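Both of the next two complexes hold chain A, though its partner changes from chain B to chain C.
And then the complex of A and B:
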């Protein structure tokens, strides 16, 4: 029995895109997994990758743990849902991040926990970051849409994201 | 998509339980992934560790190296000679309602009978009074054997709450 099922995959075309949107998410799975390879066209080495749930950035709390070549750090974020770090246009050309976001029990009536891990590596001794984070969306509504957006700028061409539904039965 | 990622078993607790055991694990896969979403029924405001042990081995033959992020500081911790691999985390019963801890375990080459077993764990819970994000590597260095069962216990000695879910997936490399 296949546990992972592809719901949708999106690749950004020429000209970029401000968001990558998954809408009308089926409610027939147990968990969701978003696997991404992303880059922003903003003129930065790296920045944050963010997610809206059901169009909302409210009622979010994130705790993360990150490393950027020095001592590791941890932060609390309450103004947006952090799901990773991404490379920007100042990073080495053609370098995209790797990012996994796991959302268990997305169709249930409890608050939603969001677990993410990402790396925005670069062919350099600077401009790289890795991150593990946990987000909490303090809402009991079922998740019907997800939207990925960069801290600034737009998703660069060839950025991709795939949404999988995971069944535990 | 090729079916390389299969459900082996899943449990949702209908009553509290001090131990959750997944047994008679199929030996047909290459690697295992365990996904849990849980709370403790034990009274308390903060969070508590979840331990994992293999094949019922309670000997002091487990070790771990972990990184923790608590929202302002990150730290690392190492322990050896333990009776299980503690590290995953979830809220105690007085933690914020509706908040569940989640954990993802990767157990590679679990059916190999001649090697010690390594497990990678990412775990987190996030709430007003219980918050942590963790990554750790654990080692079981008991007598080498294929993993045929795994058990989860609580560091606090309490029980998993009703509704906690535990799903074991098998991954085939070929």
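And then the complex of A and C:
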């Protein structure tokens, strides 16, 4: 199994945070993995979690499959990089989502693929959602920064995100 | 003023930074877009539920049982 090396972890403090940014990402690994547990302060049961690569939301294409309150569905998105569904402030208190985002060959000179899976937990039989998505960032630049942000509002206190570098050898 | 958490992965240093005017403006645009999208989603859910109720009533009027309707819908 490839080694997972923790690069950094961020936990949001009492004031909340609009985004969680990993900058100056070392170019010494093969792949990147972002493991996060997130909640937004927006007054919703759940909403989407998004990511900027090198500060950009352009040249993105995402296909996703989701299960949510209105039933299962799928979508194609080109205006932002969807990486999951997150729990909102209308959900059960102190419940956070679970979200993994994998980015292979992030330091290479080819277009970058991104795959994500998430569950917007609620510790309840209602107001929950899950998502599996695959995306393409049609840019050849090496990835040096990642920014996680909610569809609206800010990350709530105790939201965490950890960035891992994966080495194939 | 809204802030963001920035970790420099090379140094391991985490800082809390105020959003720039441009970032604040983008958040306002995103928030407005979210409100519009959420309203559309809610309208879609309501329309779907309404159509389902209407279809169920019409099938019942044709004499189908609840079990038969459930098998169709």
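In the analysis below, the second predicted complex is superposed on the first by the 164 of 169 C-alpha atoms of A that agree within 3 Å, B and C clash if a C-alpha of one lies under 4 Å from a C-alpha of the other, contacts with A are read in each partner's own complex, and residues count from 1 in each chain.
In the analysis below, a residue touches a chain if its C-beta (ideal position, glycine included) is under 8 Å from a C-beta of that chain, and two chains touch if they have at least 3 such contacts.
Values in this document were obtained by computation on a predicted structure and should not be read as measured data.
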item	value
Chain C versus chain B on the shared chain A, clash or fit after superposition	fit
Touching partner for A:64 - first (chain B), second (chain C), both, neither	first
Between chain B and chain C, more extensive residue contact with chain A	B
Chain B versus chain C as contact partner of A:14, first or second or both or neither	neither
First, second, both or neither for A:152, with chain B first and chain C second	second
Touching partner for A:44 - first (chain B), second (chain C), both, neither	second
First, second, both or neither for A:23, with chain B first and chain C second	second
First (chain B), second (chain C), both or neither touched by A:163	second
Angle at chain A between chain B and chain C, C-alpha centres, nearest 10 degrees	110
Nearest-approach distance, in Å, of chain C Cα atoms to those of chain B in the combined model	15
Residue numbers on chain C that touch chain A, as the complex places them	2-12, 14, 16, 19, 23, 27, 30-31, 34-35, 38, 41, 44-45, 48
Residues of chain A defined as touching chain B within the complex	1-6, 30-31, 61-66, 71-76, 102, 104-105, 110-111, 113, 115, 117, 132-136, 138, 140, 167-169
Of all residues in chain A, those that touch chain C in their complex	7-8, 10, 12-13, 15, 17-26, 42, 44, 47, 69-70, 147, 151-152, 154, 163
Chain A-facing residues of chain B, complex	1, 3, 5-7, 10, 35, 37, 67-74, 76, 96, 98-102, 104, 122, 124-127, 131-135, 165, 167, 169
